[in-house]
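Heads up, there are several structures right after this.
There are two complexes below, and they share chain A, which is joined by chain B in the first and by chain C in the second.
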Partner chain A sequence: MIPSAHGIPREEKIISTRNLKFTYEGGVQALQGLNLDIRSGDYVAIVGGNGSGKTTLAKALNGLLKPTSGTVMVNGMPTSELKVAEIAKVVGYAFQNPDHQLFCSSVEDEVRFGPLNLGYPEQEVRQKVERAIEAMNLGQLRALAPLSLRLGERRRVSIASVIAMDPQVLILDEPTTGLDAGESLELMNSLKRLNAEGKTIILITHDMKVVAEHARRVIVMANGRMILDSDSRGVFSDLAILGESNLEPPPVVRLAHRLAKHGIPHDVMSVEELVFQLLRSRGGG
Partner chain B sequence: MGGFIDLYTEADTFLHRMDPRVKIVAVLLLSLLAFILSHLYLLLALLTFIFLLLFLARATISRTAFALKFVLRFMVLIIILWPIFDPTGTPVLASLGPIKITEPAVWRGVTSAARVGCLATVWYILMFTTSQRDLVRALVKMGVRFDFGLTLAISLRFLPTFGALIDSIKDAQRARGLELSKGGLLKRSKNYVAVLVPTIVSALRTADTLSLALQSRAYGARADRTYLRDLNMRPSDYVALAVLAAILVLPAFAKFVMQVDI
Partner chain C sequence: MKALELNNVRFKYRDFQNWALDSVSLEVEKGEFVTILGCNGSGKSTLCLLTNGLIPHAIQGNLQGSVSVFGNNVGEQPVSQSATKVGIVFQEPESQLFCMSVEEEVAFGPENLAVPREEIKTRVEWALELVGMKGYNNRSPFSLSGGQKQRVAIAAALSMRPEMLVLDEPAYALDPVGRLGLYSVLRDLKEKHGMTVILAERDAEEALAFSDRFVLMKDGKLLESGPPRQVLRDPAKLREIGVAPPQVTEVASLLNTRMGTSKFSFLTVEEAERAILEEVLKPKKEGRR
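For the complex of A and B:
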């Protein structure tokens, strides 16, 4: 157990799955035996093509789907014995489409809904709501009707409504889809802050640029299996495995791979790193 | 989910091949017949005939179980409730305070249940053997305005979509700690507001987008649109129509003109 900067033991497993299998009613085997540990403070991206099992996995992690066989343990308790509302205190899940969650007449009411459901006392609810509104930068919008906002804002409201329940783990399904570059960056910076404050983040995404820039650990899914679980540098140094699951690494990573024979390392992940490596190799040659 | 919203099962039987207009007329005729007949034995014969048609349409028990279970439950309910609320006739079989159970009332209950069974099952035959597209085509061909036909087709098409949408919204709210079945009646109906509002909003958004999509594909540009697949009555369809007409006309003639008690 290595304590992190925030005093939360790094190696503490919040979620762990053992031989997790899930089969949908129609017979589709969406998950085929996953062994996965999520540790406190992790910043994990789950990536994979459409139909690879990402969303099923995420729903299994917060108990919306109970394993067909195998186990999912949340803080040492099997999800099969817990209600979704109990798991929601530990594992929050922001759905891909914010319009599936929003129904209140003001942003503040919307954010309040979750903690009230969990039965926190009024004082605590108020604190949690304030923190969530601040974390998602919604102060200006708090009195407005969520459904009247733009998509990027609605997404922030839906994420705030999950953060307000103060879960240890935050699962976000495709949080950057449909956002412009500015909105996306703002959202990702907010998530980075939350992670620095000790929240465990699990991103489900197609957006490999977001993965390269933010995630520390990447899980690649294909056909209901985990085909890779490594730190993000490891993932981007192996393009073949990404191709296998219909994912395309960001251009800067591909460029770095093309320049490999000129001495650029395989694990470049950002424009800054590539510039640094290029200048270095030029200076050296 | 889609299993009981669209009952249509693809197969190649004479009922599947029959012109959907004939099938609609047939269902109406057989429904009328169920009202004309008042003897239990005749109604049971009609019910048997309808089940024979279902069998010929290759409707298996597993496919029809959902629908038939519903009909059966309704029939049992009628058989139980009818005698309780109908105290007329003799002999009295049992009585408890103001409630009198009489033998004729029991028979009337069973007869009504058989009639309801006929009515419900005959409509299932139509749904089992006719795709929604053909059903709508038939209605339009029979004079229903194309807009209404299209509206019906779109509604049917989107039922499963909305089923999935509601499931997803329920999941999203459960993830926020909402327990739908918790609390008393009032609390529970309040819980459903959290599902209902996003459902309606999403439905309106979908409708809005859909209407734009339709317009961008020139919907409504001409009143007399053409069809890729047209319906054509074949000789066998006319035969079926004649047979069905006979099945209705003969008992109707017997009952109303010759005053035979059937």
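For the complex of A and C:
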């Protein structure tokens, strides 16, 4: 495995798509020719309104959907030639609704299920399970039934069950939906730690506050196409692009844009940054 | 007569140890738009279920204190009677839609109250127009987007001609466009129709423009109740109870700290822009002249 360099995106391509197209039965063209490279250590947000193709893209990246045409390469191998189980060792996918993937009678069994079925020896299964339980802070809940837990906890169990397979890439579909501010913060902090430890994170989301606070790179989808691929600062400096994808920029970004003609930069992303810029303008800097 | 009156209400679900609501007293006036703010598990959904008598009639537990809706004690009248006064909309529209067409869905309530056919037609058209779903009569509810489904669920509640609408995190499962459509319907309900509305939310951002009052809840207790400006001005307090504060209140609070003042207390982007132009950016220019 590639050693992690804290906070620095690596250039090694884990996933590459070339002219990726996907058409659902019935003729809906969900992806219309995407060229995209995900590098080791990336923290990418894929954003877009409902129907923009972001969930289809996520499922193509982990081989749940095979391209109608074009290719998706995972560590240099086309997904069309790999088994889903082989891809799962590299690319893990946590569903939007955690209940779609929870079925065991205890949190620990749930987390064990993946690595056990990938055929790891018991010793290694145990290690992976412990690491995943720790990463998602589930120690207190390990003996409980997953479906008896609160939504925020169930989401953490579903993510832990993916982490336990020790994939290089974690794809999370709308991980903060239904969580309150505290639960959301706890989850995002866990993901930040995993990224610092070298995991590549791909967030599918329409929560632009989460994007502004956490992602380093943002891919904006609309109508099955990528309309922007840039560092996150670039996304928030272009409100027209967000509008095209039916996304609402966070209030602090909207405020910064309204104050742009008074010298506030276009690419402010956080409350801290805005206040810093305001005081700088005031001071005559 | 109050639209809603909770008097020292406590409720504990069967088989649970903690009080889901603990000594809650709350009065809501007719025509008021009240947003109940709290994190998951704070008691907001329980409060919603009390307003039309689903608690205690359908959901069992230990209920103490009294709950009155438009002067009637909900514990003492059947849900069918409360339902004519109070419409409820839940988090996930799928959980309350079941008919083959949008029209049947919206007509279902009044049909069951034996409302005359012509009157039902009028109500269905009125409700669909109000939620921006006119012309969708024959569509299957399941072919609609999440936002459209939720608006049909609201229309289905409105066709009962309730005097009060109660919504439990209605935007929970919606994307930004769906949310925008939903909140503009809520704004119309207040501004054009004067409906009494109780809205439970985890996030203050979207409801603050049209709420008369915010109520903060935590662990089943009512912590504070008052106008948005009073309740929402301190972002640290909101974060403490697990609620995301409106982002511009964080700007106000940080400006106050850094400038050694307490004069900033804006709630919306528009207010913030005005205050910042006047108080932060303008003095510099004048100073230079």
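Everything below uses one rule, namely that the second predicted complex is superposed on the first by the 276 of 285 C-alpha atoms of A that agree within 3 Å, B and C clash if a C-alpha of one lies under 4 Å from a C-alpha of the other, contacts with A are read in each partner's own complex, and residues count from 1 in each chain.
Basically, a residue touches a chain if its C-beta (ideal position, glycine included) is under 8 Å from a C-beta of that chain, and two chains touch if they have at least 3 such contacts.
Keep in mind that this is a model prediction, so the values were computed, not measured.
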Exercise for the section: Would you sort A:Leu274 into first (chain B), second (chain C), both or neither based on which partner it touches? Expected result: second
Practice task
May I ask you to decide whether A:Met165 touches chain B, chain C, both, or neither, giving the answer as first, second, both or neither?
Solution key: first
Practice task
Answer with first, second, both or neither: which of chain B and chain C does A:Thr177 touch in the superposed model?
Solution key: second
Exercise for the section: Answer with first, second, both or neither: which of chain B and chain C does A:Leu259 touch in the superposed model? Expected result: second
Practice task
Would you check which partner chain A:Pro121 touches, where first means chain B only, second means chain C only, and both and neither mean what they say?
Solution key: neither
Practice task
Considering only the touch criterion stated at the top, classify A:Gly49 as touching first (chain B), second (chain C), both, or neither.
Solution key: second
Problem - chain B versus chain C as contact partner of A:Glu248, first or second or both or neither - result: second
Practice task
With the two complexes superposed on chain A, say which partner A:Leu151 touches: chain B (first), chain C (second), both, or neither.
Solution key: second
Exercise for the section: Specify the partner with more touching residues on chain A, choosing between chain B and chain C. Expected result: C
Problem - Shared chain A surface residues [contacts with chain B and with chain C] - result: none
Completion exercise
Within the complex, chain C is touched by chain A residues 49-51, 150-152, 177-184, 206, 209, 246-248, 250-252, 254-255, 258-259, 262-263, 271-272, 274-275, 278-279, 281-284
Exercise for the section: Using the touch definition up top, name the residues of chain C that touch chain A in the complex. Expected result: 39-41, 145-146, 172-173, 175-180, 202-203, 205, 239, 242-244, 246-248, 250-251, 254-255, 258-259, 269, 272-273, 276-277, 280-281, 283-284, 288
Fill in the blank from the handout: chain B residues touching chain A in their complex are 165, 168-169, 171-179, 193-194, 196-198, 201-202, 205
Handout entry: For the chain A and chain B complex, residues of the former touching the latter
Key = 59, 62, 64, 83-85, 88-89, 92-93, 95, 97, 99-103, 113-115, 117-118, 147, 161-162, 165
